[in-house]
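In the part that follows, the structures are each spelled out as structure tokens.
Both of the next two complexes hold chain A, though its partner changes from chain B to chain C.
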Partner chain A sequence: MDIAAIVKQLNLETRSAKDRLKNMVTGGYTGDLLSDVMANSKAGDIWITRQIHQNIVAVATLKEHAGIILVNSCEPASDTLDRANQENVPIMVSKLSAFELTGKIYSMLAEKK
Partner chain B sequence: MLELAAHILDITENSIRAGAKLIKIKIDENKEKDILCIEIKDNGTGMTKEEIKKAIDPFYTTKKVRRVGLGLPLLANAAKRADGNLILKSARGKGTKITATFQLSHLDRQPMGNITTTLLVLIAGNSDIDFIYKHRHNDRQFVFDTRQIRKKIDDLPINHPEILRYIRNSIDQGLQKIATQA
Partner chain C sequence: MVSVEKILEKHDFDIEGGNFNKAGTVSTRIKSILKHRQLPDEIVRRSAIVCYEAEINIVSYAKKGVISLTVIPDKIIIEANDEGPGIPNIELAMQQGYSTANQQIREMGFGAGMGLYNIKTYSDVFDITSEVNKGTFLKMAINLI
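Then we have the complex of A and B:
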């Protein structure tokens, strides 16, 4: 499943690296504590978070995440967006809470397997 | 709270509630020591030993009895998460000093956020209180003092829109000069 499929089904708004929506999503991780995300997420994960500062782009790049989804309609900071475009990290925004969004994406991934 | 500026606003509001007339906010970014230190010192009523206990324990008592909110436990937690700590010093009649230390480069250290707006909110909403803001970044320092502004503006209130605009510019420029990074 690629990011575009999630964007379409869950009505996400894409804020950066719009040409990277073909990135394949192989799993997911939800968390706001960057060190925890560094330690426990995997390459190919879609990362669901409430954090908006530019460090999220650094973490997503290092961990080779498929992309980042911000919850509760939170918008990325402007320097976060600049970095994300430079590093080709797609950032999406969802109206849902982390709990709901995680559940929905988990189900989508489970169906594809 | 996702940014340190929000913590600073919250803690400073405690000082205001404690009747402080002069509040000093000091920030020290030291790359060599890899430390970020935030100190907030007021000349308010201060706390008894019992009140200090209540202030740092999030479960101590109900909200009705709580004179300060959850701000201190949250800041203490934010500091610990970034390998730092929080020290609270206070005595009745002598004011309160809060020092939060963080490992500057720690991944979980919250970003500073917008200091200028935080200071403006404090100054605009509390025109009878004086604020001193000192920000050190390695060997450079920026100092802002509302008492100096008052000397320049005679009878104009410090929260006059024109004065606030001037203050916003001087803080922005001052922070730019010392090239803050946190």
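Then we have the complex of A and C:
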């Protein structure tokens, strides 16, 4: 499943790297503590968080995440977007809470298997 | 000491204390050097975690520091030396969940108190020394064979 499929089904708004929605999503990780995400997420994960600071781009790049989804309609800071466009990291925004969004994406991934 | 002819990579990177906008850039550089060497994914992944946590600690707590990467045939050595406040109680600082990070640092998602613990977990050799009001010195090794 690519990011575009998630964007479409869950009505996400894409805020950066719009040309990277073909990135394949192989799993997901939900968390707001960067040390936890660094240690426990995997390459190909879609990262679900409410952090908006530009450090999320560094973490997603280092971990080779497929992309980042901000929950509860959190908007990325403007320097976060600059950095994300530079590093080709797609950032999307969802109105849903982390709990709801994680559940929905988890089901979508499970169905594909 | 490592004999010179065996050194495959040796790089020093300066880190600015307090500059969260640049935090992670040195780790990203080091990761790409290791990837370029076509080291196993798991080794690169562990090195990136170790490096990132060391970098974030320098940015969070120290005035300035240097992270150096050395690759020799049988291991990766990552050293992080800083000029800063030092750590008065290393045993306490090593505990998961212990953090002196301020509110501003926590709001960005740092300060979970997992950094040093993760560094120790993901390296094969971990050595930490610190002197209050002087600095902190970390030496990590990840075995390649």
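The criterion applied here is as follows: the second predicted complex is superposed on the first by the 113 of 113 C-alpha atoms of A that agree within 3 Å, B and C clash if a C-alpha of one lies under 4 Å from a C-alpha of the other, contacts with A are read in each partner's own complex, and residues count from 1 in each chain.
The rule we apply is simple: a contact is a pair of C-beta atoms (placed from the backbone, for glycine too) under 8 Å apart; a residue touches a chain by one contact, two chains touch by 3 or more.
Just so it is clear, the structure is predicted and the values come from calculations on it, not from any experiment.
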State whether chain B and chain C clash or fit side by side on chain A once the two structures are superposed. clash
Return first, second, both or neither, reflecting whether A:62 touches chain B, chain C, both chains, or no partner chain. second
Partner, of chain C and chain B, that touches more residues belonging to chain A: C
Partner chain in contact with A:13 - chain B first, chain C second, else both or neither: neither
If you stack the two complexes on chain A, which partner ends up touching A:51: first (chain B), second (chain C), both, or neither? both
Applying the touch criterion given at the start, work out whether A:33 contacts chain B, chain C, both or neither, answering first, second, both or neither. both
Where chain A meets both chain C and chain B, residue numbers: 33-35, 38, 51, 53, 55, 59
Which residues of chain C touch chain A in the complex? 20-21, 23-25, 27-28, 31, 41, 48-49, 52-53, 56, 107-110, 112, 114-115, 118, 121-122
Write out the stretch or stretches of chain A touching chain C in their complex. 32-36, 38-39, 43, 49, 51, 53-56, 58-59, 61-63, 79
If we count contacts the way the header does, which residues on chain A are in touch with chain B in the complex? 33-35, 38, 50-53, 55, 59
For the complex, give me every residue of chain B touching chain A. 2-3, 81, 106-108, 111
